[in-house]
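In the two assemblies presented below, chain A is common to both, partnered first by chain B and then by chain C.
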Partner chain A sequence: MSAQWIEACGADEIDEEDVIRFDHGGRSFALYRDEDDGYFATDGLCTHENVHLADGLVIGRIIECPKHNGRFDYTTGQAKGAPVCVDLKTYPVKVEGGRVFLRI
Partner chain B sequence: MPVEGSRRDYSLIGLDAKLARESGLAAAEWYACPIPRKRLKALMVRSDGPAIRDTLIWLAALALSGLGGWWFWGTAWCAPFFLVYGVLYGSASDSRMHECNHGTAFKTRWMNDAVYHVACFMMLREPTVWRWSHTRHHTDTIIVGRDPEIAVQRPTDVLEHLLNLFALKNTAKTLRCLVPHVAGRLTAEEETFIPDMEHWKVYAVARLYLAILAAIALWCIAIGSILPAMLVGLPTLYGGFMSLFFGLTQHAGLAEDVLDHRLNTRTVLMNPVFRFLYWNMNYHMEHHMFPMVPYHALPKLHEAIKADCPTPYPSCWAAYREIIPALLRQIKAPSHHVRRELPDRSDAAPHTHGTPIIVAE
Partner chain C sequence: MAEPGMVIIGAGEAGTGAATALREGGWTGPIALIGEETHPPYERPPLSKAVMLADGEPVLPLIGHGDRFAELSITYLAGARVTAIDRAAKTVRLDDDRALPYAKLLLATGARPRRMMIEGDEALLYLRSFSDALAIRSKLGPGRRLVVIGGGFIGLELAASARQRGASVTVVEAAPRILMRGVPARLADGLAERHRTAGVDLRTGVDIARIEPGDASHGVWLADGSRIEADCVVAGIGATPDTALAETAGLTLDNGIAVDETLTTSDPDIMAAGDCCSFPHPLYAGRRIRLEAWRNAQDQGSAAARAMLGAGEPFTAVPWFWSDQYDLHLQIAGLADGGATTIERDVGEGAVILFHLAADGRLLAASGLGPIGRIAKEVRLAEKLIARSARPDPEALASPTFKLKSLLAA
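Showing the complex of A and B:
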């Protein structure tokens, strides 16, 4: 099946420098908003263990997992060191009419 | 479930490890007290200030007490100085190591890493091994066969705890593992929780530790005095008793194999000196439930969630009045444990602690 844009939430539903959880089609995603109103999306679960990243802490471009403090660059999905070793999958995001869409 | 009098297998490659995986206890979802996301975010905010202040005080106290011990060496006056130095070195470094491993003590990453490695050496713990064993401890807290850091196993081994008053059992374990690490090998248990890409770090640090310890030993021999070892190496042993004193309050005597930190972890209210030495890890239940909250914010976290938690122990004395009888009883009745009373709250919302979840239509 080809990728399609899915409407996720209102742009203002995500605080600046924060993350929320978005569940769709039996999958969980994490949606981020950075300090410059940039929006990003990754898989919702940490690649180390099945922990929801939306419960974690956003620091600049980093999302820190709430369980073991594993860090990812949420703009690229890159794992930034132990205990996370596997990168996160990222998804394209766009904002139209005040709504956030991600392409999955 | 264990049968009364039976001995459980605490190894990570034995029967209980298999049972834990099969019964869904491994890497399971844990209860989390409800706390609004904004409140939790405010508590998780990092800063360098408190940890820099506390680290400078700690290092200054180490330097002054070490200097006093060296100055009065050969007289009885050196004893109180080495007592203070030993506790700062062999006990206070335990919580520094722990907090910096979580990356929460300082905002600046390299500061966490620097203090972590120094404190690990003081505790004679290998940093890469401990980082990964502690990761597992947080995933599977007191799950038998999964958690490599169950300090009080059943039935209680009284001798082991007496030896650990001087960190003897823990240090012997580290030294036993150091040999294969120096030779470029991990133990079978370590293979289960340390990924391949990290193995080289284990070997490199083991060789460095051995080189430092050998250099100290040679220095002592060369000058015909154990004074160098009193300052580096031996304080892990003679100053380790407070680490045991604090550490036993965390989980000893509580339930095994439960997915709720309120049932297997204690919060004990302590005086300011103990809280400085222990870096607020007396709020241990809060730390386990929300490990991203820095040590200096744990008292506020405690206030935020205490309505959904068992009553904290008002003092170390109160905690030990429960721990010691429980451990003694576990000598003959290993399945005995202290049952914590949970508050009756119908509004508890496990696992999400207030984070909004948006589900697509």
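Showing the complex of A and C:
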């Protein structure tokens, strides 16, 4: 199946420097908004244990897993050290007409 | 003899983290990580939870991924025991009589379950290692009967897992309530209620009189004269730091291996990290504390590695603990004892966060119980405020709509 743009939510449904959960087609994602109104998307679950990142804290470009503080750069998916060592998968995001879309 | 390298005794969270951090910190010489167990290094927190609950054969919850040691040229000596440290020669002796020379030595020997000395104690099981977990797991299931002695984190997590696997469970705690050490009564009561709802027979304020071991099952006699029949009896009554090697080597002990703020022992070439050591904490008036906690072991492992590389700095991380029982998640940041005021914030779905303030208004600790999504962000933000010795407004703390994050920017 080829990748397609999926409408996820309104751009203002995510607070600045925060994250929300978005579920689609049996999969779960985390959608982020940074302090400069940049939008990003990653897989929803931490690569360490099955914990949803949308419950975690966003500081700058970093999302922290709510359980063990595993850290990822949500703009690239890069794992930032113990206990996480596997990067997060990221997805392209665009904002059109005040709506957020991700390509999956 | 080989080139002196970095030698680490203990391949748990602290020791394994230190090995990796040494290489990442630029050490190019040999690194030897010595573990008594034959398994590759693994995480212990899942032993009372995921390992007990797994549908099929439980998988060893590895720390990191398997190829990491090869990639970093770390020598992992599995199933090896250190018999002595020779501080004058700067070597450690292994049980196969090999001597390993060290430039710096890290003691990450951890803690061992406190043994219960009681009539019939040969029937008792303890939970510390993966093999312990498998032995207990094989005795759980529908229709089986578990008695847990001790209402601490490990015992309660095991009780929750056993209930979820269909076993009948009794928890016996000698103190008036569960989780006396470190968990506020408000949250401990919430957890006790959850266990009772799940069908756990929770008995507090009663001692164990003796165990009556049997072939298939055992009788657990309580001080009040009652007897509980069990297929499995697990004691979770705390842990004692493993200080045997340090003691024989003449290092200073004080509720564990005593280290200074850079995690250095009384010998400048020997560091200690994790459950085995006590250290002065600057956020709590330099009070000497010892933590049995996963995050602390991780943080101290990497901090000790920096000290071994000559770049030691004071260890100031805010103590942090968590527990998972049923659908409830408990998180505690900081140390609440010494607090003068407790502020309660109702965050919905039955979840609650407590903030503990010192007499001067400084935030000492925050603790939360409930679904993870309700508590984790705020406890994490509180942890950052604790680290800054912040004095947040008590009214703001009590308000569910007040965002702690707004205080961080200040």
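Please note the rule applied: the second predicted complex is superposed on the first by the 104 of 104 C-alpha atoms of A that agree within 3 Å, B and C clash if a C-alpha of one lies under 4 Å from a C-alpha of the other, contacts with A are read in each partner's own complex, and residues count from 1 in each chain.
Note that in this section a contact is a pair of C-beta atoms (placed from the backbone, for glycine too) under 8 Å apart; a residue touches a chain by one contact, two chains touch by 3 or more.
Everything numeric here is computed off the predicted structure, so don't read it as measured data.
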- Task: With the two complexes superposed on chain A, say which partner A:67 touches: chain B (first), chain C (second), both, or neither.
- Result: both
- Message: Looking at A:25, would you say it contacts chain B, chain C, both, or neither? Reply first, second, both or neither.
- Response: first
- In the overlay, answer first, second, both or neither for which of chain B and chain C A:87 touches. neither
- Task: With the two complexes superposed on chain A, say which partner A:52 touches: chain B (first), chain C (second), both, or neither.
- Result: both
- Task: Could you let me know whether more residues of chain A are touched by chain B or by chain C?
- Result: B
- Message: According to the stated criteria, A:34 is in contact with first (chain B), second (chain C), both, or neither; which is it?
- Response: neither
- Message: So in the superposed three-chain picture, is A:9 touching just chain B, just chain C, both, or none of them (first/second/both/neither)?
- Response: first
- Query: What part of chain A is shared between its chain B contacts and its chain C contacts?
  - Reply: 49, 52, 54-57, 64, 66-69, 82-83, 85
- Query: In their complex, what parts of chain B are in touch with chain A?
  - Reply: 27, 41, 44, 46, 102-104, 131-132, 135, 138-139, 195, 197-198, 290-292, 352-353, 355-360
- So in the complex, which bits of chain C are touching chain A? 17, 20, 43, 50, 63-65, 68, 294-295, 298, 302, 322, 329, 372-373, 376-377, 380-381, 405
- Note on the structure: Counting only contacts in the complex, chain A reaches chain C at residues 17, 49, 51-52, 54-57, 64, 66-69, 82-83, 85-86
- Residue ranges of chain A in contact with chain B within the complex: 6-9, 13, 18, 20-25, 49-50, 52, 54-57, 59, 64, 66-69, 71, 82-83, 85
